[in-house]
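You will see two complexes here that share chain A, one where it goes with chain B and one where it goes with chain C.
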Partner chain A sequence: MLSVTNLAVRFQTRRGPVDALKGVNLEVASGEILGVVGESGSGKSVTAYSIMRLLEAGGKVVDGTVRYGGVDLSDPSENQMGNIRGREISMIFQNPRAALNPIRRVGDQIGDVLRRHARATRTTAKAEAIKALEAVRIRDAAARVDAYPFELSGGMCQRVVIALALACDPKLLIMDEPTTGLDITTQKAVMDLVADLIRDRGMSAILITHDLGLASGYCDRIMVMRDGEVVERGTPLSLFTAPDHPYTRRLIDATPRLGARIRELLPVEARTPMPERRVENEPLLEVRNLVKTFPSRSGPVHAVRDVSFTIRKGQTLGLVGESGCGKSTTSSMVVRLLDPTSGQIIFRGEDLAATPASRFARDPRRARIQMVFQDATDSLNPRHTSRQTIAEPLRRLGTGASNDRIAELADLVGLPLPLLDRFPHQLSGGQKARVGIARAIALDPDLLILDEPTAALDVSIQAIVLNLLIDLQARLGISYLFVTHDLNVVRLLCDQVIVMQGGAIVEQGPAEQVMRNPATAYTRSLVAAAPQPPALGDAAQ
Partner chain B sequence: MSVTTASPGTFSHIGYVLRGNPVTLLSFVMFAILIIAAVLGPVLVPYDPLASEAANALQPPSWAHWFGTDNLGRDVFSRVVTATRLDLMISISAVTLSLMAGSVLGAVAGYWGGWLDAVLNRVMDTIMAFPLFVLAMGIVAALGNTVENIVYATAVINTPFYARLVRAEVNIRREAGFVHAAKLAGNSDIRVLAMHIFPNALPPMMVQMSLNLGWAILNAAGLSFIGLGVRPPTAEWGIMVAEGANFIVSGEWWLAVFPGLALMFAVFTFNLMGDGLRDIVDPRQRT
Partner chain C sequence: MSPRLRGILFRIAQAIPVVIGVVIIGFVLTRALPGDPAVYFAGAAADAASIAEIRKTLGLDLPLPQQFLIYVGDLLRGDFGQSISTGQPVTADLANRLPASLELTLVALLLSCAIAIPLGVMAATRPGSLIDHACRVLVTAGVSLPTFFTGVVLIYLFYYLLGIAPSPLGRLDFIYIEPDRITGFYLIDSALAGDGETFLAALRQLVLPAVTLALFTLAPIARMTRAAMLGALSADFVRTARAAGLTGRTVRYTYAFRNALLPVVTTLGMVFSFTLGANVLVEKVFAWPGIGSYAVEALVVSDYAAVQGFVLAMAFLFVALNLLIDVTYTLIDPRIGFEAS
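Showing the complex of A and B:
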């Protein structure tokens, strides 16, 4: 149905031409879902954009052909291509909010597409839009059709985008990381929905993702890309059970999954023995009856309701929940960036909540609690070099920033010394994460809050960062409060886990136990929603 | 994006920006000419800019008097060059003042928000609601007809632009991750604002500043043109254009044209410089 032969794409940049695709071949048969898996920079999105002829200005197809149903897609005029996009081939983009026009009602946006392709007239557009919304199982579609994108949740927006993409019954659907930024239960709901729709309508699809687990759950065939080339292709089972290419093997290893230990995420040659870790009995942090209520026009919002927990010295506590469950608010209060409405934060016997957040910056206890932020890019000052960033806490709260200490920290987190004089935009995602961790441990804190520190990283980098965190904990005896929505990672890293929903704790206990035998329906749904790749060596099944 | 060498120093970065964009290089050369004229002008010029010589009045441009002479026999070239210092001083000090005032007001409003933000915004709106040149005229007329007051008036009418810009830039970064990180590193609110957030607002400020410099020169010349501020016989481009305008009808064009061209040269320089300055203060331009 779709066949891409020897596709090569080159981008013109300030540093000269860059080959984004180096001869990619792929075929999608009718009724098939093809998974394209790769890490950032592998060229998987560029492949999709080239098929749709949506490459940005700097990019050019230098070789190869894209044939769709026998037609060479480089032939049609831009106008004819407009007819093909949407009616024949449709695309779902990464960020559903960005893909929708923020100032127009969702029904109007669907109506536009229908009218553009002569599927509806001005009078029938609204009724057709409601039908399209019902097709993606949006409840109460007749009311939602008049909503603006900002009035809908992320999952709802993605459903609208899917409705848009499917409005004109395309034969081929290209999904570019369709569930990035969605909670895992929402991710599962959205992916199940798309898979059903594709099956019911007999469509073909290409699923572009960095998540091997997700791809293996929904695709008939998977191809793995790296540096603009296809390194391996096969069915999910054959890929997982007998990967041919060493890169595929590394990628599979690095994907957190059931039964894997944290060292097993690393390539075989990098698996050093697990360091000895000591969890002491003495509690380091005790949070008692923490409450945070935000005032709002429609009455008070209870972000955190009566949360209590304890972290022992050297222990890792996982804080799990979906967006809006109050886990970020809780961690902001513990790290003293936000004042609680009521409750106590007892740290080594003293109540930190007694000191307001605005005065805590100059408090001597500030150095004892530090944080690694979710988005490494956002958390580094774009005007500061890595050295300045790491030196900042040493200079403000420590005994001064000596070059020796900075070099020692860089060494601890595995940051090559020449990178110390680079600005954030000159570093890769993994390197930025290391700078953020080096800054956080610069003052030898007792407690480190890790706010989804690997959410924005590729799986292979995530594997390295998680192992780094474990090593640091063993060496420095730090306690971690690990905030995340990724249960597979919690299983790897945490001793204890807390599950939050609607601002309250619904379940807590040892991580292994909560993951294996969840006591509440909510935790069960979270565990079930986490994508599970088939385990290595399952060929017998 | 792999860079094998260490990140370049400030000077090599400036060199890189200048090499990368010929227009920026041109504007910096023009700026250098202006600075030389301002610093060394009075020493370099062939005649005393104030010495009149009645026998030699209203001579057209010649080898002896490149830009001709005016109605009092003063050398126009010497006067145009000497005037550079005064005009640059007025515009640069006015823009510096408004930059500082606007930065402080805008940063405070953008960071703390609330009633402070609301009050400051309304004050800025009020200033911007006036026809700005008329407001400047009013201020000079009220405060007294001196060079300092031209500076103050020009600074007042420029301040809202900086305040608005800084407020917006600070506001979007107030909740950024690196701001929280700076607080965790033990920075008080004021330090976070001054050392971490504000420097990130510099690149767009540079563009605004250089555009404003040109505008401030025009404003100062405009005030002198209508007889406010600098007074004859001081050499100043605005006055020279005003005085020379009377002679254009009788064919002595050089009196007004040369100071006018100097004015144009200065404004042009500053307008061209903006993008280059921004690239220099923005570390993201370094690769």
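Showing the complex of A and C:
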């Protein structure tokens, strides 16, 4: 149905031409779902955009052909291509909220597409849009059709994007990271829905994702890409059980999964023995009856309701939950950037909540609690070199920034010394993460709050950063409060785990036990929603 | 009461402290300026005694707080005082002069938008093209030539050399009679009166100063349109629209342009407010009886009442303008609620 032969794409950049695709071949048969898996820069999205002829200015197809149902897609004029897009081939995107026009009603946006492809007239557009919304199982579609994207949740927006893509019954659906940024249970709901729709309508699909687990759950065949080339293809099972290419092997290893230990995420040659870790009995942090209520026009919002937990010295506590569950509010209060409404934060015997957050920056105890932020790029000052970034806390709260200390920190986090004088945009994602960690541990803190520190990283980089965190903990005896929505990562890194929902703790206990035998229905649904790649050696099944 | 109306009323209420502040600052600043209105009023031949007498009749011998109270009392009664240079009540002067400035500024801005917005859109849809460069050249030239210079050049070309334009002396050639005053805008008043000849005459007078001012205001509007449009065109939702097969026109206008309007409206508001106060030079060059030249003349002779009246009128205008912009926002962008928060 779709066949791409020898596709090569080149981007003109300021630093000269860059080959984004180097001769990619792929075929999608009728009724088949093909998974395209790779890390950032592998060319998986560029492949999709080239098929749709939606490459940005600067990107050009230099070789190869894309044939769809026998038609060479380089032939049609831009206008004819518009007839194919949406009606024959459709696409859904990551970040659904941004993918919708923020100031146009969702019904009108679907109506635009329907009218473009003569599926509706001005008078029938609204009724047809409601049907399209009902097709993606949006409840109360007649009311939602008049909503603006900002009035809908992320999962709901993605359903609208799907409705928009499927409104004109295309034969092929290309999904570009369709669930990135969605909660884990929403991800499952959305993917199950798309899979159903694809099957019911006899469509074909391409699923582009960085998540091998997700791809293996929904695709008939998977191809693995790296640096603009296809390195391996096969069925999910064959890929997982007998990967041919060393890169596939590394990717599978790096994917957090059931039964794997943290060192096993690394390539075989990098698996150093696990360092000895000491968890002491003495509590470092005791949070007692923490409450945070935000006032709002429609009454008070109870973001955190009566949360209590303890972190011991050298221990890692995982804080898990979906967006809006209060985990970020909780961690902001613990890191003393936000004042609790009531409750105590007892740190080494003293109640930190007694010092207002506005004055905590000058408190000597500020140095004892530090934070590693979610987005390694956005949390670094773009005009500071790594050295300046790491020196900042040393100068402000420490005894001064000596070059020796900075070099020592860079060494601890595995940042090569020459990179110390580079700016963030000259560093890779993993290197930026290392700078962020070096900054956080510069003052020898007792407690590090890790706010989804690996969420924006590729899996292979995530594997390295997680292992780095474990090594640092063993060497420095730091305690971690690890905030995340990724249960597979929690299982790897955490001793204890807290599951939050609606501002309250619904379950807590040793991580392994909570993951294996969740006591509450909510935790069970979270665990079930996490995509699980088939474990290596599952060939028997 | 509808939430929108309540929101508007709330915004107006928010403006009250601003106006109070303007009243105080306007009063203090005029008193702080060098110059003595009594000396000016008394004329060149006056002696110390007559100056003192005039000072007494003007109430300038009283202590400042008392003067202020009298001023505020007058304001509350709607009395802006009397201008000592024109001899007219300030309210009458403002009523004459403000429409002249508003007419000039509004026509100039309409003209400017009519050119700058399409230009910015075209430049953004074809970045790096000929039209993009043409846009840049025009915009740079417009903003780098001072208005009094472009004004004089335009007069030289169209009045002196070509003889197409009427003499640059005010709002209406002396052979025409002012239209009956309804709004104070000559174009509107003459149109309402059905007087086509006066309308054309007023329009002829307006063209050159409006073009001068428009050239100057082209730059910020065109630049902002281009930047906002570039941003909107590279947004994810434009990609979605294109992937769904929508045509270039729909994508450009229904999707990108409406989203790009918000920063353009903001810029428009800023440009309007600064032009209204800053078109003194244009008014001077074209002998336009506007509020800018009125204020400058009043300032030169320390005409307290006139300066204060001008400052106050401007403050009211800005408050109204900001309100208008806020309301426009809510019309463009449903995300911006108009609630009293």
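What we mean here is this: the second predicted complex is superposed on the first by the 541 of 541 C-alpha atoms of A that agree within 3 Å, B and C clash if a C-alpha of one lies under 4 Å from a C-alpha of the other, contacts with A are read in each partner's own complex, and residues count from 1 in each chain.
By definition in this document, a residue touches a chain if its C-beta (ideal position, glycine included) is under 8 Å from a C-beta of that chain, and two chains touch if they have at least 3 such contacts.
It should be emphasised that the depicted structure is a prediction, and the values quoted were computed from it without experimental measurement.
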* To do: Applying the touch criterion given at the start, work out whether A:D421 contacts chain B, chain C, both or neither, answering first, second, both or neither.
  => first
* Determine, under the contact definition given at the top, whether A:L397 touches first (chain B), second (chain C), both, or neither. => first
* Regarding the shared-chain residue A:R439, is it in contact with chain B (first), chain C (second), both, or neither? -> first
* In the superposed arrangement, does A:R366 touch chain B (first), chain C (second), both or neither? -> first
* Asked: Can A:Q374 be said to touch chain B (first), chain C (second), both, or neither?
  -> first
* May I ask you to decide whether A:H117 touches chain B, chain C, both, or neither, giving the answer as first, second, both or neither? => second
* Please write out, lowest number first, the residues of chain A touched by both chain B and chain C across the two complexes. => none
* Asked: Touching chain C in the complex: which residues of chain A?
  -> 52, 54, 56-57, 78-79, 82-87, 90-91, 93, 95, 98-104, 109, 112-113, 116-117, 148, 150, 161, 164-165, 167-168, 297
* Which residues of chain B touch chain A in their complex? -> 1, 3, 6-7, 176-178, 180-189, 196, 199-200, 283-284, 286-287
* chain A - residues contacting chain B, complex -> 14-15, 335, 337, 358, 361-362, 366-367, 370-371, 373-375, 378-383, 385, 392-393, 396-397, 418, 421-423, 425-426, 428, 436, 439-440
* Residues of chain C defined as touching chain A within the complex -> 127, 234-237, 239-248, 250, 254-255, 258-259, 332-335, 339, 341
